[in-house]
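Given below, in the form of structure tokens, are the structures.
Across the two complexes that follow, subunit A remains constant while its partner is subunit B and subsequently subunit C.
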Partner chain A sequence: MNVYEVFLKKPGRDEFRHAGSLEAPDPEMALMYARESYNRRGEGAEMWLVDRADVLVADEADLDVNTDKPHRHNDGSLVAARRRDRREGVGGDE
Partner chain B sequence: MTYSPAVRDHLLAFADDEHLVGARHTSWIGLGPFLEEDLAFCSIAQDELGHGIGLYGLILDDDVELDAFALLRPAEDYRSCWLAELECTDWNDSLVRHWLYDRAEALRWEALAASPDPAAASLALRAQREESFHLAHAEQFMSRIAGTDSTGRIADSVRRLAPIAAGIWDPTATEDDVLAEGFVTTSSAQLAARWNDLIRADLARWGIDVDWDDAGVVGAQQHRTQRSDGFAAFHADLQRVLAVDTSATW
Partner chain C sequence: MHTLATAPATGRTWIDLDDFQSFIDAGGMVEPGDDMPGEYRDEVFRFIEFHANSELMGGLTERDWIPHAPGLRLKQIFLAKTQDEIGHAHLLYMVAADMGVKTRTEMLEDLFAGRSRFHNVFHYQAVTWADQIAIAYLVDAAAFASQRAVFAECTYGPYKRVLKRIVAEEGFHMRHGEEMLLRLATGTDTQRSMFQEALDRWWWPAVQLFGPDSDPDDPLLRWKIKSQRNEDLRAAYVQKYVPLLHGYGFTIPDPELHQDDDGTWHAGPIDWEPLKATMRMGGPDSKRRIDTAARNWADTAWVREALDRRGAGT
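And then the complex of A and B:
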């Protein structure tokens, strides 16, 4: 048996989302079981299946090095605050 | 729509088959060979029960309570075939029954879809969409395990169940009237011939070399008026909850 990852997409502009996984002997039966396991109530309008063996998995240690870099969380709020302060005459040392 | 007694009996036979085979399939809930198959097989069971409800709905007057009719009738008032009544405690048997039954069921819906009666034809069209999934499931599962049936258990199930399955084509006593009315245009005998060709072609494609003897089921069912040996226990089981309080509203 192979493991397949199941992705469903609702109608409209939503993206595909991971719905779960299942075991099946081959792709044809995987599609049939996916329908019965994850779309029993018509949860999706489109479905993707990916053989788990085809999923490239990153090393978690490689991902961990980027968890403490708050400067990369720039949402513009610091710049916006400084511009507001200048406009309102607060600070204005530049 | 009011149907003639002959048409009513014809539809009742189909309804009882769907109801009972669906109920038998549900015995695998939680026990299927693996989780995914458990869900798929129970979906099929649920579909068959739904087909049964649809067919009962065609023939029952509005004031007749469906559960009571489906479950509490005397045994002699059922028109089910013995294959639908049969208890299959072995997965191989259940799978083979599912394949034999759905091969026949698809032909019965096809015949009904061609009926001039709009209610029956529309129910048939809806059921055919589900039936294509049932057939695909049977084909996929059977074709995969057939090649690995080194113990011959699948072949053994076919040998025992195919003769009982032939009882699906035992017509009700008044089928000639149904045909004369034009409600359907294909007889059970005509469908039986097509079914026989289909199941033998399936077996040849899957490489299952098996033949069987006629078990005389068609004659013994006596136009579906006789119940099989295990029916009484099955019937009691189906009634168990409802019989606790027949006046309760569910």
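And then the complex of A and C:
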């Protein structure tokens, strides 16, 4: 028996979402189980099944390399502070 | 890097139970790859296994009534509900198996050997079709309320995610249940007295489903698997269903049931012995239920063997 991970996508712009997993002897049975367990009332318009052994999982170390790059973000706080000051009339520019 | 099929090299760890508690209190969610405390793993596993067993036993009970359901529409409804319940058991057994305590087969074998527990209500016999409606409405409502209270917090991620879909499907069952009750309640005198007799049999088991008052230091409350105490869920249930059943003209089999000045309904004292008996597999119908489930498992061995052969390509 293989374990498969089930992903469903609703119509429209939403992304695929993980729905759960199931155990099945082969892909054809896995599709039938997935349809009967996870898509009983048309919860998805599209469905993906992936053998659990084929899902690569990144370790913390794989992800760490990006956690020290705050310059990739800008929370806009400096500009927001200036706008707030001007709204409240404490800005000295004008 | 690893795959989802192999244990991760690193999961989150906690120094001790206090450290873990701080993580829970700060709104943390536990995931299967985490190095969760053994106590948490064992308690949560046992809880999910109990839930899975109950769905499976409930589904098998419902299955027995498909041939007796009056009319095609009710047969179809019962067929779909049975599939839903067995499906819920499947989802929950997958989540439980991934906790690494027992495999799915071990859980099923323990259940069919009478070694693991399931809800008290599935230790009683449904005598008439009205009993099955009392179950579909009253008993399912009690189980639904307790599941929703778990879903509300539920710090174990995979359990919370499957509960979302289970709770949605149980919602459909509730609507079917109340419609079936409405049909009996507005039917003939025979139908009404059939339901009254079923209510007399099922009211107390349904109220007892929530269990005795929660332990002051129930770890499942502390770890936010449960979000409400058993006695609070039970009180809310009585408060909701007493007026509803009175509204349909039925009598609650509790001579000490009474109403406060502010309108709150209170059940009389509860004899917990029947509940305890079911937990020892000594309920009125425990043996027959477990034997039936075990026989069903044995009778379907050929399906599992065929699937294994198919998987092996022989």
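Things to note:
Definition applied: the second predicted complex is superposed on the first by the 64 of 94 C-alpha atoms of A that agree within 3 Å, B and C clash if a C-alpha of one lies under 4 Å from a C-alpha of the other, contacts with A are read in each partner's own complex, and residues count from 1 in each chain.
Note that a contact is a pair of C-beta atoms (placed from the backbone, for glycine too) under 8 Å apart; a residue touches a chain by one contact, two chains touch by 3 or more.
All values derive from a computational prediction rather than experimental measurement.
Look at A:E23: by the touch rule set out above, it reaches both subunit B and subunit C. Applying the stated contact rule after C-alpha superposition, one finds that A:M47 touches neither subunit B nor subunit C. Contacts of A:M32 after superposition on the shared chain: subunit B is touched, whereas subunit C is not. Once chain A of one complex is fitted onto chain A of the other, the partner contacts of A:D62 are limited to subunit C, with no touch recorded for subunit B.
More residues of subunit A are in touch with C than with the other of subunit B and subunit C.
Contact with subunit C, but none with subunit B, is seen for A:N2 once the two complexes are overlaid on the shared chain.
Common to the subunit B and subunit C contact sets on subunit A are residues 1, 22-26, 29, 33, 36-37, 40.
Note for the complex: subunit A touches subunit B at residues 1, 22-26, 28-29, 32-33, 35-37, 40.
If you check the complex, the residues on subunit A that touch subunit C are 1-3, 5, 18-26, 29, 33, 36-38, 40-41, 43, 51-62. On the side of subunit C, the complex with subunit A involves touching residues 1-6, 8-10, 33, 83-84, 87, 90-91, 94-95, 98, 104, 158, 161-162, 165, 169, 307-308, 310-312.
Those residues of subunit B whose C-beta lies close enough to touch subunit A in the complex are 34-37, 39-40, 43, 133, 136-137, 140-141, 144.
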